[in-house]
Amino acid sequence: MKSYRKELWFEVKKRRQLINITGQVEACVGESAVKEGLCLVNAMHISASVFINDDESGLHHDFEVWLEKLAPEKPWSQYRHNGSEDNADAHLKRQIMGREVVVAITGGKLDFGPWEQIFYGEFDGRRAKRVLIKVIGE
Amino acid sequence: MKSYRKELWFEVKKRRQLINITGQVEACVGESAVKEGLCLVNAMHISASVFINDDESGLHHDFEVWLEKLAPEKPWSQYRHNGSEDNADAHLKRQIMGREVVVAITGGKLDFGPWEQIFYGEFDGRRAKRVLIKVIGE
Amino acid sequence: MKSYRKELWFEVKKRRQLINITGQVEACVGESAVKEGLCLVNAMHISASVFINDDESGLHHDFEVWLEKLAPEKPWSQYRHNGSEDNADAHLKRQIMGREVVVAITGGKLDFGPWEQIFYGEFDGRRAKRVLIKVIGE
């Protein structure tokens, strides 16, 4: 069994942003030399997300509006977590969007449907944060 | 290490429907001949879901009502994604329900609790769509 | 390839509670003797969750309030699932919080960011319920 590990680092200038990381994950799968296996991609921080959806700017706007409706950032005082912090909403948003994806590797490539793209979802940016890529297989 | 891959195809006649695919996934695990490992089951389309919950028709009705409350289909114009498309709500619903499940394989079988059943959740049907089953182990 | 399996049992006295199980999962990874691999941790019951977030009591209070807003327990009669049962809300809450996490194992340890902690989320307690830990790797 082969295994492979890599961290991707992000320092998003805004509080919230969605970043397509599909190409970077594909490059890791290539480096891993795994032909058949599984690729785990997870946020290493609890106010961020890794998820798979469409790379369409209208939809990304809809996600922003929708997440703000379901788990609004403000007023900060509505959350007990927001004593010295202000990011409780980011912890909630990440539960809806998810921490991780597991993607099949087949023939040395991410085994994807036609529109699947992997995103890093930052919900509390303006600091350095990481995504972990772990590949196992043969 | 063994690996196994299969696609399940669906063409749901309605816009939204939940389909129990546990039997089909079990059959794949049998075909894979893997005794100890992991089974990934994921929607290959970004307006559909694979999730584990109860096979109870009342609950499935509750999911429909609840998802329509959290991410309503209409009015279509409320979503920027809905320019030439009308399925933004399906992309949101799938984030709540999830893209994938990873199930342990023990003794050659899905290692499940008493009521766990795997569902394909279609949120934008009336077209051919796929689920991927990938098994790795020994 | 090595594999390892263990069940954790819980009997939560309240209807809802979040329990940090990181130490128990770490002990399992140690017992498994897997140095590089994947660790699946999933609820075996469909009204409970396993998720990764912050171990901060204010945030846990916020989760309780937020989940009650998105998927309120009462009135029980609002859910068709609640004929002989009263736990439809628990099935919905678990979809938001998720069934499972998959964690990378690197160097024989859970490969975590600085604040990641694994929780068992009970949404319909007062009965014996289980979490499954399955490790594969080398």
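Per-chain numbering from 1; labels A, B and C assigned in written order.
Going forward, a residue touches a chain if its C-beta (ideal position, glycine included) is under 8 Å from a C-beta of that chain, and two chains touch if they have at least 3 such contacts.
The structure displayed is predicted, hence computed values, not measured ones.
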Overall pattern in which the protein chains touch one another (line/ring/star/complete/other): complete
Chain copies touching (chain B, chain C) - same or different residues, decided at half shared: different
Degree value of the rotation bringing chain A onto chain C, based on Cα positions, nearest 5: 120
Separation of mean Cα positions, chain C and chain B [Å, integer]: 20
Sequence positions of chain A contacting 2 or more other chains: 1, 38, 70, 96, 98, 102, 136
Residue ranges of chain A in contact with chain C within the complex: 1, 3, 5, 38, 40, 42-46, 70-71, 79-83, 88, 91-92, 94-96, 98-100, 102, 130, 132, 134, 136
Of all residues in chain B, those that touch chain C in their complex: 1, 36-38, 51-54, 56, 58-59, 61-63, 66, 70, 96-98, 101-104, 106, 111-116, 136-138
